[in-house]
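As written, the chain order gives the labels A, B, C, D and E, with residue 1 at the start of each chain.
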Amino acid sequence: ACSDTSEGEETPDVTTDATDEQTEEETADDEASTEAGGSSELPTPIADLGVSGSLNGSGASSQANAQQAWRDNFSADFGVTVNYNPTGSGTGREQFIGGAVSFAGTDSILDEEELAAAAQRCGSDIVELPLYISPIAIAYNVPGVDSLNLSAANVAAIFSGEITNWNDEAIAADNEGVELPDLEIVPVNRADDSGTTENFVQYIIEAAGEEAWPYEAADAWPISGTQSAEKTSGVVDLTTQTEGAITYADASQIGDLPAANVEVNGEFLAYSPEAAAAIVDGSEPTADATDLILTVDLKRDGSIADAYPVVMISYIVACTEYEDAQEAANVKGYLSYMASDEGQQAATAAGGGNAPISDDLQSRVFPAIDAIVTE
Amino acid sequence: MNEGIDVSNLNIYYGDFLAVEDVSMHIAPRATTALIGPSGCGKSTFLRSLNRMHEVIPGARVEGDAIIDGKNIYGPGVDPVDVRASVGMVFQRANPFPTMSIADNVLAGAKLNSKRMSKSEAEELVEFSLRGANLWEEVKDRLGRPGSSLSGGQQQRLCIARAIAVKPDVLLMDEPCSALDPISTLAIEDLIRELEKDYTIVIVTHNMQQAARVSSMTGFFNIEGTGKPGHLIEYDTTDKIFSNPSKKATEDYVSGRFG
Amino acid sequence: MNEGIDVSNLNIYYGDFLAVEDVSMHIAPRATTALIGPSGCGKSTFLRSLNRMHEVIPGARVEGDAIIDGKNIYGPGVDPVDVRASVGMVFQRANPFPTMSIADNVLAGAKLNSKRMSKSEAEELVEFSLRGANLWEEVKDRLGRPGSSLSGGQQQRLCIARAIAVKPDVLLMDEPCSALDPISTLAIEDLIRELEKDYTIVIVTHNMQQAARVSSMTGFFNIEGTGKPGHLIEYDTTDKIFSNPSKKATEDYVSGRFG
Amino acid sequence: MVVLNGWGTEGITPTATAVLTIVFYLVLSTIISFAVEGRRYATDRMVSGLIVTAFIIAVAPLISLIWMVISNGYSELTWEFLTNDRNGLTLADHATGAGHALVGTLLITGTTALIAVPLGVMTAVYLVEYGRGPLARTVTFLVDIMTGIPSIVAGLFAAAMIPTIAEYFVGSSAALQMKTGFMGSVALVVLMTPIVIRNTEEMLRIVPNELREASYALGVTKSRTITKVVLRTALPGIVSGVVIAVARIIGETAPLLITTGTTNVFNWNLFTGYMETLPTYVYSSWSNQATRELAWSGALTLILLVLLLNLVARIIAKAFAPKGEK
Amino acid sequence: MEEIQADVGFARVGSEPISFWSFAARALWGTVLSSLMALVIAVPLAIGIALFISHYAPRRLAQFLGYVIDLLAAIPSIIYGMWGMSTLEPMLRPIFSWIEVTFRPWLVRLAGEEVQVDGDAVWQGGLPGFNYAAEHWDWWPITPDLVDMSAGPARNLAMGSVILAIMILPIITALCREVFIQTPRLQEEAAMALGATRWEMITMTVLPMGRSGMVSAAMLGLGRALGETMALLMVLSAGLEINFKIFGVGQHSTIASQIALRWPEASAGTPDNPSLEQPFLIALGLLLFVLTFVVNFIARAIVNRRKDFSGANA
C-alpha cells in the first residue's frame, strides 16, 4: 500500500490490509455510482458500494463495545479494516472536524458552531445519526437486596448525599417487603467527563426537579468529595467491590450487579432494550434537526408509559461528501451496516449495550445514509 | 597490649589459591616488626590477615590462629569489627575519603566510638594526629578542603594521621612510606619510634634501610615461583637478619644493594 | 629525539593557585634526568606539564614554553594527543584498565588507537614489554586474566610495560618504583639504563640513591611554605647535586641520611 | 500490640500482623543489642534488619503482582494468542490474540530505544566529559525539564508536532490522519531519553579519573578514551540503566493512546496506520468486562517480554563487566 | 478569567466555576503532595534495597533479586492500577482505619472538634490557638478530619502515594544500586580498617560517594511520580481540594490525571472560535514542567555544591 517515500500523495488513506489493490478500487468506483434510491427503505446494498481498504473513526467511549462488534462483523463480511479509537466524544468531534478521522461517535450533539465547522470540513452537509441507544442502569451492590425500586427523588437524594443509609425510610417506602440493611450508602460517580454523567444528571433534573438537584447538567460530576472512578468499567468495578455502593452505568456493562427499577408514571420499570428504544420514538426532535441530522430531545421525566427514561443516545457523525470516493464508499457501507437490523442485533448480542433502534427510526436513518455521495 | 601477637600455622587463601602457607611467629608487643620480601610473596596478604581485613575480599579465607593480647582473633564469636578497631591499618595506596574534608578524614575513625566529641577535643585530635603524621603545617589552613586535593605524599600522610587518630593497640603499615619524600619519611619513622612505646607496630617495607632503622625484629617472606604459596623463610632480630642471616635466601635478598 | 627538552619560564597553575613558578631547564636527550624534592613541591605537577597531562584537570593551565625536539608543545595548533603519544608516562599510582586483560593492558596504547597489528606482532610486543618491566615470568601463564588481579607491585610493573609498549620518545615516570620491591626496582632501573640509550627519561623519585644510580642530571625542587609556588632551586649533574651542591637548601635536603 | 487489642480483632489482616511482627522484632532485637553490645552494634543490627525488611517489603508487592498476573493470565497465553490479532473478537469460534500488539510493542519500543539510547548516551558523554559553559548548562536545563514531562504531555507533544512536520512531506489531509507507530516512538523518546541521560551521567561520573589519565598518557585521543575506556568501564551500569528505561517506557499507555491509536489488526509499518501495543491492548481489553481475560494474558506477555529483554541485557552487561577485584 | 470560567466546563469545584490559577493550584497541590509522599516512602526503601543488593545479600542471590526488582519497572501502570484496587486496597484499608481510630482522639484533644449542640454546629475543646486554627482555616492540617476515612474503599491520596512509591521504587533502586556497586574497594577497606561496622562503612564511603547518584535517582523517580497517569486514575477517587485529608476520598487529584480525565471530552472548539479547554489543560501540563524544573534545579545545586568532594577523585 502506501510506501514510506513521501510521494504517496495519491493515497491519503492509510491501509493495513494486504488485500487492498489499486485496480480494484478503480472498478469499484464505477460500480458504486448507481443511483441513490430516493426514500426507499433499503439503501444501496453494501456489497455494491465497492468497500475496501481501511476506515478510521474515533469518539465516544460508550460505543466502544458496540463498535467492536460492528467492526468485527463488517471486516469479516466485507474485508474492510475499521479502526475506532474510543478517545472520548470531545476528541472524536474535534478529530472529525479537523479531518483526522472519517467519522466520529459522540454522546452529545454538535452545537451550532461545530455544525458549521463540520460542514466546512466536509464541504458538504453532514449526517448525525442516533445509531447507538443505550439505557443507563442504576446499579447497586447491597447484599441480600435483589430488587430495588427508586423514585427519581430518592435517586437525587442518594447521589447528592441527602440519604446516607440504605435503611432510610424514604427508600423503604418504595420497597415494601424488601429488607434493607443498615449499611452506609456509597454513591459512585464517573471521575472523567462523560456523556453518561450528563444524561444521568439530565434525567435527575427532569424527573426529580431542580429543587432536589440544584446542580446543572454537565459532563463533569458536580459534587466533590465522592467516590469516583474512571470510565464505565471503573465505576462498575468499584461498585462491585464495595458493599453499599450505587452507581449509574451503561446497562450492558454492569455485569452481575442488579439494577434499580425507576419510576415511570407511578410504576417502577426495569430497563430493557424495548423500553429504552421507546423513549427515542416518544421524544421530539431537537430544534435544529433536519432529514440528515436526526438529533432527539429526550423526554426523560418519566411521563412516557413503558419508556425507560434513563437513556443515553450516542450519535455517529459523517460527511455526505468525501474527496476520496473510496473513503465515501467505506463510510457509507459502514454506516449502513451499523444501522441495519443485522448490525444493531450483532452489537446487542456481543454485549455492545445498545437497544436496537426501532423500525420507525431506521426508516429515517436509511435515507440519511443514502445521502452520502459515492461516485 | 602486653603479650604481642602470636600467629600459629596460618594459611591464607584467595578462594582455592593458597597465597601464604603455614606462618607461625611471635610479634613482640610495644616494638616494631618489619616484614620484607620480594613482590607477590604475600606480605600484604599476611598483614591483612592480622586485622581480619583479608576476609573482606570475596572468597578469601584464613585458617589457623592469630592470638592478639591473649585473644584469638580467629576464635569463634569474635567480631572482626572489634579486631579492626584495635588493630589499625595504613595501606599501600593512599585512600583518603574523597567525600570528606581533611579534618573529617582524620576524625573518621575516631568519631565511630565517641559520637559526642566536643569541638575542641576534635580540633585537638586533628592537630595531634596531623602533627604526628608530619602534615599539620601543610594543611592547617585548609582543613575544610577535600582530602583528595592533596598530593600523593600528602594523601598518604593523611591516611597515617587517620589511623593514628583511632589510637589502636596495634598498627599495621603496608609500605606506608613508599609514596613519601625523605622529610616525611623521617617524620614517619620518628613517629613509629615514638608510637612503639605504646603500640605494637608491624610494617611491610621494600626499603631495607628503613627496616633496619625502625624495626627490632624482621621477618623475611619468599616465594618459590608464581602460583606457589609464600612462606616465612626467616624471622629473627633485625640485626641478625641484615648482618648474619641463617638462610641462604635471606642473605641473597638482603645483600642486594637496594634502599 | 636529538635535542632534548627545553623548558623556559614555565608557570603551572591549578585554577588561580600557582603551583610551580618560573621553571627553566634543559633536559638532555637520551639520558635520564631525575627530579627530587620534598612532598608537595610540584614535581608531579611539573612532570605532568611535560606531556600536557596537566591540562586535563579542570581549571589547570600552563604558561610558558616547553620545546621538545624543536617543537614547542605549548605552541599554537599543537595537538596534546600527539604530544602524549611521543611522551609516555607512568603514574605514581598503578592504574591498569580494569576491563582489560593483562595482555590487553599492555597493548592498550596500540589497541585504543586502533592500530592494526598481526597476532604474532602483538604477542611479541606483549612479551617484549612485560620482559622489559620484569613482569613476564610472573604473568606469562595468565595473560588473559584481568589486570586488576595482580598485586600492587605487579600492577605498577604492568603500567610500566604499558607505557613502554607505545615506544615513546620521552618517558616520564612519577615515582615508578615507590610500590616495588628491590628486585623489581633493580629491573626497572636496569630498564631505565637500557632505555636511555634511545629515549629521554625524566623520573621523579624520593629515593636519592635511586636518583644517584640512574640519572645523569638532577633537578631539585623546593617550596617555601604551603600555598607558595614550587621552584626549581638547583639543576646540575647528579654528581654535583649529591656531592657538592651550590645551594644551601639542596645541601640540607640531600644530606639527609635517607634512601 | 496493646493498641492492637484496643482496636479489636476486626480487620486484622495477615499483612497487618506481619507488619507488626516485623516492627516488633526489629525493636526488640535493637533493644537487646543495645543493652548487650552497645550503641554501634545496635545501630548496625537495626539497619541490617531495616534493609532486609525494605527488601522484603519491595519484593512482596512484586510477587503478589506477578502472581496475580500469572494466575489470571496463563490459561489464555497460548501460541494462538501470540500469533493472532484481535480482529473478530466478537465473532463466534474466532481465535483472538495479542500478536499485533506484541509486534507493535517490539517495533515501537525498538525504534524508541534505537533513537533514545544513542541520543541519551551521547548527551551524557557530552555533559560529563565535555560539558562546560552555557551550552552544557542549557542542555542540563533541558534534561532537567524533560525528566519531569508527564507521559501524557509527551503524547500531546508528539501528536501536535509530528503532523505539523509531516505536512511538508505528505500534504495536510494525510498528515492530519496521521497516527502512527513512529509518532508513538517520538513520544516515548521524549520519555526515555532523560532516563538514559541521567543514568549514564551517573555511571560516567564514577569512572575514576586516573583511568582517563592513563589513557591520555598513552597518546589516546579524548574521543577514543571515552569510547574505549570510559564507556567501556561504565558499560554494565549503562546497560542496566537502558534496561530500566526500556522497561519504563514499554509499559506506557497514555501517550500511545494519543499518538498511535489502537487497532485490531497486524501492522508492520511504523509510518502508516494505527498500531497497537501491549499496554494499550491491556487497557482496551480491561475496559470491557467481557475481555478481561485477554487483558491478563496481554499483561503476562508484556512481563515475559521484559523478563527476556532483561536477561539478554544482563548477559551483555556481564560479558563486559570490569574483571578482577569486584 | 471570566471567559475561562465560562468556557471551560470542567474548571469547577462542586458546581462553582473556578479560575485557572485556582484550578491549577488545586491540581498542583495533589500532584506535589502525592509525589512527595511517594518519594518519602520510596527513597529510603530503594536505598535500602540497593544496599541490600550491593552490600548485604550473598552475590548470586543479590544479582537474581536485582533482576526481579528491575521487573517492577516494566509492569505497565495499568496493571499497578488493577493490582492496587484488588490487592493493595484491602490490605491498606484496615491500616488506615487503625490510624483513624488511634490518632483521632489525640487530634480531638489537640484541636477540638465540631459537635452538634441544639442543632447548631459548635467547635468544642482543643488547646487554645490550635482549636482556632482548626475551626477557621480550611487548609490547616491538624484537625480531626486529617485522619478521617470516608466510607467505601480507601481510594485516597495515601493509597495513591503507596502505589506511586512502589512504581518508582525500581527506577530509584536500579540507579542507586549501580552507584553503590562502584564504590572503590579501597575506600571500603579504609573504613573497615578503622573498625567501622558494615553500616558505618556504608555511611562513611558508600552513601557519600553515591550522593549525586541518589539525588539523580530520586529525581528520576519524582519525574515518573509527577507524570504518572493511569495507575492514579484507577486507584484514586479524584477531587480538587487543598487540604491534608490524605485518607479521605474525592479530595485530591493530580495534574496528569486531570489531563487524562478531561482531555477526551475537552473541545478544541472550531478554527473560528477556539475553545479554551485544551489550552487550559496544556497550560496545566506546562506548569508541571516548571515545577519539575525547579525541583531538579535545586537538586543539581545541592549536588554541585560539593563537587570538589566528588567520588571520582577516589
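Rule of thumb we're sticking to: contacts are C-beta pairs under 8 Å (C-beta built on N, C-alpha and C of every residue); 3 or more make two chains touch, one makes a residue touch a chain.
Molecules present, by chain and UniProt name: B, C = Phosphate ABC transporter ATP-binding protein; D = Phosphate transport system permease protein PstA; E = ABC transporter permease subunit.
Nothing here was measured: the structure is a model prediction, and the numbers come from that model.
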| item | value |
| --- | --- |
| Smallest count of steps, each to a touching chain, taking chain A to chain B | 2 |
| Chain at maximum distance from chain E, centres defined as averaged CA atoms | C |
| Top chain pair, ranked by how many C-beta pairs fall in contact | D-E |
| Chain centroid nearest the full-protein CA centroid | D |
| Centre distance in Å when chain A and chain C are each reduced to the mean of their C-alpha atoms | 83 |
| Gap in Å, rounded to a whole number, between the CA centres of chain E and chain D | 19 |
| Centroid spacing, where centroids are CA-atom means, of chain B and chain C in whole angstrom | 28 |
| Between chain E and chain C, distance of the C-alpha-averaged centres to the nearest whole Å | 55 |
| Residue list for chain B, restricted to those that touch at least two other chains | 81, 93, 112-113 |
| Residue list for chain A, restricted to those that touch at least two other chains | 61, 87, 98 |
| Residues of chain E touching at least two other chains | 184, 197, 200, 209, 260, 263, 310-314 |
| Residue numbers on chain D that touch chain E, as the complex places them | 3, 7, 11-13, 15-16, 19, 40-41, 43-44, 47-48, 50-55, 57-59, 61-62, 64-66, 68-69, 140-141, 144-145, 147-153, 156, 194-195, 198-199, 201-203, 205-209, 236-237, 240-241, 243-244, 246-248, 250-254, 278-279, 282-283, 286, 295, 299, 302-303, 306-307, 310-311, 314, 325-326 |
| Complex contacts: residues of chain A adjacent to chain D | 1-2, 4, 6, 8-9, 12-17, 54, 56, 58, 61, 64-65, 68-69, 71-73, 75-76, 81, 83, 85-87, 98-101, 231-233, 236, 253, 255, 323, 346, 350-351 |
| Contact set on chain E toward chain D in their complex | 44-46, 48-49, 51-53, 56-57, 65, 67-80, 82-83, 86-88, 90-91, 93-95, 97-98, 101-102, 166, 169-171, 173-175, 177-179, 181-182, 184-185, 197-200, 209, 212-213, 216-217, 219-220, 222-224, 226-230, 255-256, 259-260, 263, 282, 285, 288-289, 291-293, 295-297, 300, 310-314 |
| Footprint of chain C on chain D - complex, ascending | 132, 208, 210-222, 224-225, 228-229, 232-233, 235, 320-325 |
| Complex interface listing, chain B residues touching chain E | 51, 53, 56, 58, 81-82, 84-86, 88-89, 91, 93, 95-101, 108-109, 112-113, 145-146, 148-149, 159, 162-163, 166, 168 |
